[in-house]
Amino acid sequence: MARALQPVPGPPRSILRSEAFRWVVFAGVALGLWEVGARLYNSPFLLPAPSRILQEFLKTPTLVLGHAWITTQEIVLGFLLGALIAHLAALLLLVLPEWLEDFIFRAVSTLNSIPFVALASLVVVWLGVGSIGSKVAIAALYAFFALVYFVHKGMVSTDTTKEELLTSYSANFFQRVRYLKLPFALPIIFTSLKGAAMAAVNGAIVGELFGAFQGLGFMILDSRYVGNTARVFLAAVCCAIVGWLLLGMLTALERRFVGWHLEMTRRS
Amino acid sequence: MKKIIGLLAAGILAVLALGSAQNNLTKATMIESWFIHAESIGDPVAVEKGFYKDAGLDVTVVPGGPGLSPIDRVMAESKAGRLVFGIDYPYNLLEARQKQKLPLVILAADFQGSAMHILSWQPISKPSDIKGTFATWIGYDKPIKAVIGKGWDKQIQVVNQQGDPATLGGWLAKQYPFASAMVYNEVMVAEKQAKDKYYLYSYKDFGVDWPENVLFTTEDVLKKYPNEVKRFVQARYKGFRYALDNPEEAGKILAKYNPNLDIPFELKGLEQIKKIMVTADTQQNGLGYVDTAKLQKMAQQLQAAGILESASLSGFVNPVPSGVK
Amino acid sequence: MSSRLPTNLVPMLVVALVIVLLYYPLMLLANVPAAQQALDTGADLGCKTALDCATQLRSPVLPSPAQLALGFRNLMFPLDSPNAIPLNAAVTALETGMGLLLAAILGFFFAVGLVASRAFERSLLPWIVASQTVPIIAIAPMLVVVLGQYGVQGWIPKALIAAYIAFFPIAIGVAKGLRSPDPLSLDLMKTYNANNLQTYLKLRFPASVPYLFTAFKVAMTAALIGAIVAEISTISFQGIGKMLAENSRASDVVAMWVIMIASAFLGILLVAVVGWLEKVVTPWKR
């Protein structure tokens, strides 16, 4: 198992190069279509062209980057917090007696079905208007619920024969997690971490819609109010870029830790 | 090492001295009804030009935003025994006072007339021409209801403009015929974006002529801080006067409080604001003049439209003259 | 299943009872300081002690059960009123359900594509991943107006936004499920000389069902949140989100709580429907 965790020596260079190339092509095609579409549609208050959005950025680049930086902090902190709690919760669920595990899992899924946007304006009042605490909390909440199901599922659905093997080795709980459950769940964890990153982006923005005076969510609202749609899109683009960076990092980590699995699924 | 300790001690002393100097000022909070834009310009200017400080006040200007009711926030601060002021529309305050029994009191009025107008794709000659979907911000739908009167719900469907792209996008895309528009914001957006001929009406054209953006506080604050309230009002309108006289400089101050703003756009808005802030009444009685007769008429019209149960203003209006002409 | 039900039900009920019992003292604990402060400033609350006032504050930290009950009565009736919860909740449920359905169909086919073809994954996955990081709240208002220009109005744009949010968890979940059969079973299919379609029908699809329903449950909540956010942040005439937006401006804290609890029930109900479907579709589980 430990050997399987080693990165697969392969031709990473050429893959990386072609991967980057594909993204450039993707970005070029998307931006080109958007520019043409926006010009044809000719309602800049509904669909501004990328060139206009770029102009908007060049007007106040440091300010926009400042807003983006604040939101990035909220996203990253919220993501880390949510992911940490989700993993702790999944581990906790493993050691609890079955009826309690079942009950807590039900409680979590019930909580998950509460639309927390409804809470957002109240959370802001509790955690303070203008602070980033409430936004981090909401981003963490979004990330947590995007993860906890899948981590739990990944941890419990290990093969019974392998479980029995470890029992015959008289492995303790931590060994069980370290050598069987975690490696087995890792591919699922990485996939859902990506989902959680996107959820954290959305959570931070939802948080900023209530009681924020800085950050991309605030920029969206305040620019919408004065009819500056290009700036709204600029904020959305910034969010997307932050999201991509986060996803890129997670993908790199995924390659590092579960490259073997990616290879296997591709071959099958 | 000793030097460092000496420096530190000097630093701490300096901070303490500064702290005690500021302690002579009474802390106050000014809660705006929206993010900081041109309509709030008097407050940042009064802070930055030291008008509040001269009045013995250390004022924190707090922006509003969606989901943040100035009434709630003023009530919370007031319950905690602090000196607090807010900005909202008089009808929302009167409604909260009558229905929720909140001890809200009007001190002054920024806008003598309505900044809110009606944008329409078709000409309106009488209130019964207003039929169909009418977009307005939640909480700002009472003037149109008063224009139509009882039975408004059979004539119009009010939709929340807060969800509108570009603040007017739905109207500009002709998804509904009518939208309410602030003269310092949406009206300017329409000028820029509308491709076809449209019509602009004032609520005054239909007999609804109410003050807007009124400064309010609570009865508790008035009782506890009578002198500070007076000094606050005077300093605040000094700030507005200064901003109206020196728009360029005020614009720079505004940009400090909300860097996201397009300052030329805001200053254009300020010109419109000037028209409803400076009137014959205020030239005589000072900026922020409260026309009680207008408020009384407002209460009667709201009662007639079935929005309020009583037209009584008892205890609601406590004008504090600013003396700033 | 019938043998499991009581073991779930008993602790559920116990905890529910504990929560109900704890709520009252917790509510008092939260509200008494606020009430005391209000009394100290000499406000006339119509009650004498802080303890009395704690249950009747106008903007309570936690509303008292009586306030909640009153709030529910005010917001639930008349049942067919456009301003009451039932009709608005129904609209939101419709948007969520249709959104989930659409997301399920698209997500399913997308997942099959991902698993079946490397070229498909390479060419489409970047687009999908990239699109998912765009905050829908920012784009939703424009989207609704643009769609409206082409006659797509009412609940449909909100359902589309819900679908957009629910799509990704479903696609990923199904793809995981389709890949879940172990290599041994896949080899077995090969020894049976099964073709690709048969492998999908007999092995991959059945194997993906548990993943599918887990994904559905997550996606259902995501879709509900998407629908509510869409209602809050766009022009809307009906729905829970519209009620929330209105009442948050009217600063009615009790109403906010009531709507929140109602939307929680809606969420639980919708997830329960998925759970019920799961039991019907996979009777062999549990």
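First chain written, first letter: the chains are A, B and C, and each begins at residue 1.
As a working rule, a residue touches a chain if its C-beta (ideal position, glycine included) is under 8 Å from a C-beta of that chain, and two chains touch if they have at least 3 such contacts.
In this text the structure is predicted, and so the values were computed from the model without any measurement.
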| item | value |
| --- | --- |
| Most extensive contact between chains (C-beta pair count) | A-C |
| Chain separated most widely from chain C, comparing mean CA positions | B |
| Where chain B and chain C are represented by their mean Cα positions, the distance between them in whole Å | 37 |
| Inter-chain centre distance, chain A versus chain C - centres from mean C-alpha coordinates, in Å | 18 |
| Chain centre separation in whole Å, for chain B relative to chain A (CA means) | 39 |
| Contacts with two or more other chains, residues of chain B listed in rising order | 66-67, 164-165, 169, 173 |
| Shared interface positions of chain A, touching two or more other chains | 46, 121, 209, 224, 229, 232 |
| Multi-partner residues of chain C (at least 2 other chains) | 141-142, 145-146, 232-233, 248, 253 |
| For the chain C and chain A complex, residues of the former touching the latter | 7-8, 11-12, 15, 118, 122, 126-127, 129-130, 132-139, 141-142, 145-146, 165, 168-169, 172, 176, 179, 183, 186, 211, 214, 217-218, 220-221, 224-225, 228-229, 232-233, 240-241, 244, 248, 253, 256, 259-260, 263-264, 266-268, 270-271 |
| Residue numbers on chain A that touch chain C, as the complex places them | 22-23, 26, 30, 46-47, 99-100, 102-103, 106-107, 109-110, 112-119, 121-122, 145-146, 149-150, 153, 188, 191-192, 194-195, 197-198, 201-202, 205-206, 209, 216-217, 220, 224, 229, 232-233, 235-237, 239-240, 242-244, 247, 264-266, 268 |
| For the chain B and chain C complex, residues of the former touching the latter | 66-67, 69, 71-72, 75-76, 78-81, 96, 100-103, 135, 137-139, 157, 159-165, 169-170, 173, 175, 220, 223-224 |
| Interface residues, chain A side, partner chain B - complex | 43-46, 60, 63, 66-67, 120-121, 124, 129-130, 209-213, 218-219, 221-229, 232 |
| Chain C residues within the chain B interface of the complex | 34, 37-38, 40-44, 58-59, 141-142, 144-146, 148-149, 153, 232-237, 242, 245-246, 248-251, 253 |
